[in-house]
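Here is the structure we will look at.
Per-chain residue numbering starts at 1, and chain names A, B and C are given in the order in which the chains are listed.
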Amino acid sequence: MNEHAWKKEGLNNLVKQMQKTYEDGIGINHVEGLNLPFRDIIYDIMDDVFAILFPGYMGRKPLTEQGLGYFVGDLLNSIYLRLSDQVEKSLHYACKLGKCDECNCSDMAKKAVYHLVEKLPEIRNKLKEDVQAAFDGDPAAVSFDEIILSYPCMNAIGTYRVSHELFIMDVPLIPRIMTERAHARTGIDIHPGANIGRRFFIDHGTGVVIGETTEIGDNVKIYQGVTLGALSFPKDEEGKVIRGVKRHPTIENNVTIYAEATILGGKTIIGEGAVVGGNVWLTSSVPPGGKVTMSKPSYDLK
Amino acid sequence: MNEHAWKKEGLNNLVKQMQKTYEDGIGINHVEGLNLPFRDIIYDIMDDVFAILFPGYMGRKPLTEQGLGYFVGDLLNSIYLRLSDQVEKSLHYACKLGKCDECNCSDMAKKAVYHLVEKLPEIRNKLKEDVQAAFDGDPAAVSFDEIILSYPCMNAIGTYRVSHELFIMDVPLIPRIMTERAHARTGIDIHPGANIGRRFFIDHGTGVVIGETTEIGDNVKIYQGVTLGALSFPKDEEGKVIRGVKRHPTIENNVTIYAEATILGGKTIIGEGAVVGGNVWLTSSVPPGGKVTMSKPSYDLK
Amino acid sequence: MNEHAWKKEGLNNLVKQMQKTYEDGIGINHVEGLNLPFRDIIYDIMDDVFAILFPGYMGRKPLTEQGLGYFVGDLLNSIYLRLSDQVEKSLHYACKLGKCDECNCSDMAKKAVYHLVEKLPEIRNKLKEDVQAAFDGDPAAVSFDEIILSYPCMNAIGTYRVSHELFIMDVPLIPRIMTERAHARTGIDIHPGANIGRRFFIDHGTGVVIGETTEIGDNVKIYQGVTLGALSFPKDEEGKVIRGVKRHPTIENNVTIYAEATILGGKTIIGEGAVVGGNVWLTSSVPPGGKVTMSKPSYDLK
């Protein structure tokens, strides 16, 4: 293929071939003129939400006490308007997919976003408790500010707490876009559908997976590589996986789970105050106060 | 060191010391006026390739059916020209390293890039099958669009399928730059030299490693933390590692490998339809249809 | 909540509620007019430091031999000035927290930054050795340039070597901001307080954790998922964790640690030349030259 041929024929032929691959409509984002939400705009909005949750920790400009009210008001208003737009797109998209026949996506979007923004003071208070839990749980932590500025769990848990509010308002696509961005940044994969209590701490975090139907109580601490996952997927008569059943474990209050432990199954309950040791592979429940550890050194020394 | 001293002497002395460290030519990018490919430009190009593979899922502007042809044609042409430039740099670089005495790097670059762009329709069709495999394999998946917009495997597998076409055309440096970017974003490390079949699904994905000489069949599903790695490195008489031999496993069709399993060695074959359980450490082959699981609970409960 | 209500009351009420959550001063960055260091500016500075450590590998413009001195001098001067500003903010912040009563933060900042920039030639020499170690340790590596351009360990180890110099000068916040950025990009979490010798190689890297008081000798090679962590935290009489004691292992010269091994405890010493096999969970010492492997296949085949 020389350059001349590319100019004459190559490009035109290739465009035609590509267009054929678009004909089934899979993987092209246009539903009769109305588009899916824009991922990059949702990323921008999340940055602004964090700027309200922890004012002055992001960005490049200083904040002062007297300017804070203006800063927050302006940003909140802008978040409300832009996020309503994106949520409306995602709801309209779900309508077209047949989830409803006729609905006022614009009003529903405003309702969902209003639900979220009204929760922001509560979310901020929860995140302050999460910071305290990180400080109490990690001897390497020097100050609250260090945790807010640098700990990956703050990004992952903060994003989860925000996205969860949209998830419970049945907003499609956007909650998962938010949590997968945090996953990309932190290696911590929390599904927006999980239910997570107060004072939650994840140390280091890379490789953590918390599945959609996981329930986690208060004062839970987990380490890098911990999976709270599904054991098997129930299937219907046609052999297709059934969606929506509880497939992931329940972790009660005051549980600690050490690095790389894997806990699987919707009926698995880790009882209050239990401790699960590192690398343990667990598919059954642990009673309250139980301690699970590797049974013996798993190695030979030569 | 006060500020005055820095201005008078400190800076000048330091520049001289730094320049001494550059004298051996290691880690400075200038080969007689011709530079290495630019990493940031390759990142831009990959974003544009994804914009063609999944039109309208990235960026901030809406696409319409009638505009799609112009969008794709313009982008494809620009990809062809810019990538040819970068590939030429990388080929010229390899020439200088002594891989050839005299060759037409410009023509070779156009040939390699043309090979890739001509494969794009096929790559898109494979990626649509990968989306279907993710939908079939994950009960938490709600729609194809959710998978394309948020699942990390789409970025990792898409990047692999593109980079592999440049790898088999012997393009230096660029394929690995592409896959390591996907690794940074997703925690999934696929070497561009691996051979991977159709309908491939990686769930969650953080910590997955797929080595250079791995072979993977069709309908394979793997989970987070799975390593398909080397067991040991054959060395030559001087004790240097020999490059280019098959060091990584073969995974046949319809195999499932659960979280954190480690499978090592170039002679290890996981037979058709086999299932490898979570956390298993495996350095020998499994027959077709075999099921490998942890032998017993690996823990004590107190 | 309709839009009219948002405009009339909703926004105002919400801003008041948010402001209440700021009243305790936790998680808002303003200390009597003087702000914390800006994370984004520190990120910019780190990009520039890498541009000096490996000239021409980042960015989009070519470098020439004769231009290199100007490029380096200009960048070094700018790094010195901008980083001094940020370090001064972080020192002033620590003063306010009560670590000292009265000190010249501006002079201390310049001293710390000067210490770092003066170390840059030595850091560059160490990084060249790290590149060599990667080339010797990975049969998939084709050239030094491929390693510099694409291996995640270069980002993680380079960031560690820079941040460690600020850490030992007692600069608050900034060293950890630097290493957590590398953690986000590479999945490799190295605390800036760790002590790491020469010719260090981390292959693949996702999930690696190296704790604050870890000591690592020369010629050490580790793989993805390796944790060098704390076994337990000594607590004081009030039950609070004691900070600053040695909690993480010591790894002597010429040790290799394979994928997903977990080594815990401040008294655990892995002796010179020892080899720790994949997936091993280790809380006691290994003598020099010892080999630790999984005791037997940990699985059943059906």
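The rule we apply is simple: contacts are C-beta pairs under 8 Å (C-beta built on N, C-alpha and C of every residue); 3 or more make two chains touch, one makes a residue touch a chain.
It should be emphasised that the depicted structure is a prediction, and the values quoted were computed from it without experimental measurement.
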item: Chain contact graph, described as a line, ring, star, complete graph or other shape; value: complete
item: Interface composition of copies chain A and chain B: same or different, split at half; value: different
item: Between chain A and its twin chain C, rotation from the CA superposition, multiple of 5 degrees; value: 120
item: Geometric centre distance via CA averages, chain B-chain A, whole Å; value: 25
item: Shared interface positions of chain A, touching two or more other chains; value: 187, 206-207, 225, 260, 279, 294, 298
item: Parts of chain B lying in touch with chain C, wherever the complex brings them together; value: 1-3, 6, 10-12, 14-15, 17-22, 24, 26-30, 33, 35-36, 38-41, 93, 97, 172-173, 176-177, 179-180, 183-184, 187, 189, 191, 193, 206-207, 209, 211-212, 225, 227, 229-230, 233, 240-245, 247, 260, 262, 264, 277, 279-282, 286, 290-295, 298
item: Sites on chain C touched by chain B in the complex; value: 52-60, 62-65, 68-69, 72-73, 76-77, 80, 107, 110-111, 114, 117-118, 120-121, 124-125, 127-128, 131, 136-140, 142-146, 148-152, 185-187, 204, 206-207, 224-225, 259-260, 278-279, 294, 297-302
